[in-house]
Amino acid sequence: MSETIGFIGIGSMGAPMARNLLAAGYKLRVYNRTSERARPLVEQGAQLAATPAEVAEPGGIVITMLANDAAVEEVVLGKDGFLQRLATGGLHISMSTIAPATAERLAREHEARGCIYVAAPVFGRPEAAAARQLRICVSGPESGEKLGAANVVKVAGNFMIASAIDAMAEAFTLGEKHGLDRGALADFFGGTLFASPIYQNYGKTVAERREIPVGFKAALGLKDMALALQTAADAIMPMPLAGLLYDRFMAEAAKSRFDLDWALALAVNVAEDAGLPALRAE
Amino acid sequence: MSETIGFIGIGSMGAPMARNLLAAGYKLRVYNRTSERARPLVEQGAQLAATPAEVAEPGGIVITMLANDAAVEEVVLGKDGFLQRLATGGLHISMSTIAPATAERLAREHEARGCIYVAAPVFGRPEAAAARQLRICVSGPESGEKLGAANVVKVAGNFMIASAIDAMAEAFTLGEKHGLDRGALADFFGGTLFASPIYQNYGKTVAERREIPVGFKAALGLKDMALALQTAADAIMPMPLAGLLYDRFMAEAAKSRFDLDWALALAVNVAEDAGLPALRAE
Amino acid sequence: MSETIGFIGIGSMGAPMARNLLAAGYKLRVYNRTSERARPLVEQGAQLAATPAEVAEPGGIVITMLANDAAVEEVVLGKDGFLQRLATGGLHISMSTIAPATAERLAREHEARGCIYVAAPVFGRPEAAAARQLRICVSGPESGEKLGAANVVKVAGNFMIASAIDAMAEAFTLGEKHGLDRGALADFFGGTLFASPIYQNYGKTVAERREIPVGFKAALGLKDMALALQTAADAIMPMPLAGLLYDRFMAEAAKSRFDLDWALALAVNVAEDAGLPALRAE
Amino acid sequence: MSETIGFIGIGSMGAPMARNLLAAGYKLRVYNRTSERARPLVEQGAQLAATPAEVAEPGGIVITMLANDAAVEEVVLGKDGFLQRLATGGLHISMSTIAPATAERLAREHEARGCIYVAAPVFGRPEAAAARQLRICVSGPESGEKLGAANVVKVAGNFMIASAIDAMAEAFTLGEKHGLDRGALADFFGGTLFASPIYQNYGKTVAERREIPVGFKAALGLKDMALALQTAADAIMPMPLAGLLYDRFMAEAAKSRFDLDWALALAVNVAEDAGLPALRAE
């Protein structure tokens, strides 16, 4: 096995993940479309690759953490893609949130070249990545499940999170319109029936309905709901709650609020439909 | 203050609540439309009243735990209703899940007669009632909030629970159609992102999709979603997720599956729309 | 049979209907909650009644054309209601858009007093009323159908009209966002596949998306979609398209655009969700 | 200009269209994936081509009428595609229902080779094709609109038709559950407010809810609603009514009723959700 791991995708998630690998003593060769973002890692000892292919060594390991299906397919199979160079015995740990069908197509391409494709999407935001607290779903050729199983879990999970956010947005807005305090509702439900990280963290964002640093953009929320609908279509089933969430994110996109945090975007969309201002006054 | 408390509504929730009061040393005078159901309490020392009015003493305390708005209005204001007899200084603790608007109307009727109406709906199922673990939301004339505030919280909470159930039903069915195990999904999400009682308890029901003893009927789920939509209409706002849940419960009603547990009913409705059998084979 | 017909409800629909009756030689005794609106009819020869009861003669005919269920119930059965005075042999032609269940309840009340209740809701706007071109749906004790059958037809019809308006609003907005002309789309579809009055008349309003004299308020659209949902609930069935329309009207209500024409309100709601200005620039 | 027209796609629509061209005196060279279906045309004088490329002559005319975007792209640009052979001065009249974005991409490919791509999707079923009564929407390089404009109109139109069918399905089912006759409702609405071909023809299918020869499959209905949602996404807008229709078709697909006529499929889906049998008893 190679001594140096290839790492492609130095975004808000990939950067802390790569940093942790360096800190744990691994050697990294990194690639990012805009190489600027890789500079801090280089200063910490990583080598910079000029193309995706350069990060790979024959029979080595490559980790990818990218924004969407097209980006993953490009670095694997595109001009300068790494799969050909990774070659027999190589291992690709694919951590992006992509469609199960894309994962399965990629897995077959890897298998045809004697490589192993492991689907390993993660739950967790940048802070969790930095704190080594990501939850990683894994499926691969030896898991006994479909190759895209981990991606199905990831798609299902993001759908469930968005559903919880929307339910809070509608419930807290119902409270606000009846004179109750949104924060008190978030505290009550997050402290009792729904005492779990998702309700507690997103509950605060939904309750405050004020601009915050973006953890996960509404644009990615839309992408994920589209993924859920596509994954449902591949299995031939309707998923109307995913459709409702897709429509809310799409309306926010139409209203040029695509860069808001996704939980804030849902809160804003519900509030406006209820005749309230998009953001709460200070 | 009276020495004997009146208690109206000896159903699956009211019975264990009344039993606990007796066990704690309170004297009870109980009324139930079908007096048969009150017999075990009488054997434990409660007095049986022939009408709602009979449970009350002037200036005393009456607790009600009934199925819907109409039932509460009937025992309070109907022929043989208790409000007139409760009279000045009396206290009515109203624990049923009813509309905020109904609660406010009832509160005004009490006030006009010198009585106090306290809205005190509860979260929890019969087992929780028996174990004295109900969560009680309270609003009354001294709470500084609207008189129906506790009812808004209760309505919002049941809406959030149904939303979580539906999200699980769609997500687990997505998994099943892709070859994953529903129970494994329930365990994963209930043990990580959504590690809270609602997801853990209902997650099991949704994952198994088999007949179970009914905790809370689909008929009551429909009633609660209708309450959410009415409460939203009173405040002039749409609540499309509540509408989606209402439609699912209504379809189950149309299909004569109104007596299923509400979480099972949602799981069944989602499964059938996905072309799966209503209940899973053994 | 009485020589003078009672007429209750001199609104935008009732006024031209009553005027036509006078013009046709009938004697009228009219009542309206705000008597001011009845003045023009009085100048044309109608008598003014001070209460609903006063319009009726024992065994005579009363026509009602009111805004909603509560208004009809009030003039029939409320304090000063006319039913008691109408008495044996009387005939009530009830032309308002109300719930089938309300119509059936009223029909039983009439029957108990020896009167006949005829459900006769109408399709058509004030101009059609003036031009004697209303379409009247009729059901009564001799029609062989349920007493509320005519009301079911009316409720179903208004739902179908709103559905057509919404479909045009989404389709024309899709065109506009792709650079097509809304008016050209309205002309094309209204002149070919959908060459019928509903698509032609409302299509113009939806395409122009500019303020117009109000034919039928969004507030009445909301009322009618709520009627559809209630009528569906009475028969135990979901009606998700009615739910979607209800949510759109409710959002317009929340945004204080309740007084817009109902077709304009739907067009505006769709446009805003698509990121377009509510009304088109001149 | 070439003397012989190429015609690709001899399905239920293409066959009568090609037959009419032959009858009008045009010479045709035809291609169909399963050549069997082209035999009747050959007997009427058409030449049979073995590949898409073979139908084209340099600078000639090719007409395509295929099932979906992929099929059109394959015959134009795939192995044995005709575009290269059509060459400078050639004209491609593309009559399939495809995405505006696909049409625009194809148009650019044609332009790059000196050919003209005319988008010419049609409204009408096989009987209309046979009777030369199709309505053809046309946009091309000289129309002054976007190249895909005709496709937007076609996508919008099919969405409007499906909306009308669904509205009738919900309305007639509401009537049936209240004891009214579905056929009488179809006659009433089709003869008055909605007196247009779409409501009259599909109204009959929806009202009868019995197996009929398939005019347009539910599978194509699903494809068209997916096209509408994709066309809306390309323009960044939600289209919730298209989403509702998509979900209904998808549920019918999941229930293995994908080969039903699309209007029947919607009627069946609405009926089952209302607790009625899928098809009406004889």
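Which chain is which? They are A, B, C and D, in the order written, and residues in each are numbered from 1.
Basically, contacts are C-beta pairs under 8 Å (C-beta built on N, C-alpha and C of every residue); 3 or more make two chains touch, one makes a residue touch a chain.
Only a predicted model underlies this, so the values are computations on that prediction, with no experimental measurement involved.
> What are the chains that chain B and chain C both touch?
A, D
> Quick one: how far do you have to rotate chain B to sit on chain D, C-alpha fit, nearest 5 degrees?
To bring chain B onto chain D, one rotates by 180 degrees.
> With chain centres defined as C-alpha means, what is the inter-centre distance between chain A and chain C in Å?
50
> Find the geometric centre of each of chain C and chain D from their Cα atoms only, then give the gap between the two centres in Å, rounded to an integer.
Averaging C-alpha atoms per chain gives centres 38 Å apart.
> Find every residue in chain A that makes contact with two or more other chains and list them.
In chain A, residues 232, 236-240, 244, 247, 251, 253-254, 273-275 touch at least two other chains, as defined above.
> For chain C, which residues count as touching chain D in their complex?
Chain C residues touching chain D: 100, 123, 135, 145-146, 148-149, 152-153, 155-157, 159-161, 163-164, 166-168, 170-175, 177-180, 185, 188-189, 192-199, 228, 231-232, 234-242, 244, 273-275.
> Show which residues of chain D lie in contact with chain A when the two form their complex.
226, 232-233, 236-240, 243-244, 246-248, 250-251, 253-254
> Report the residues of chain C in contact with chain A in the complex, numbered from low to high.
The touching residues are 247, 251, 253-256, 273-275.
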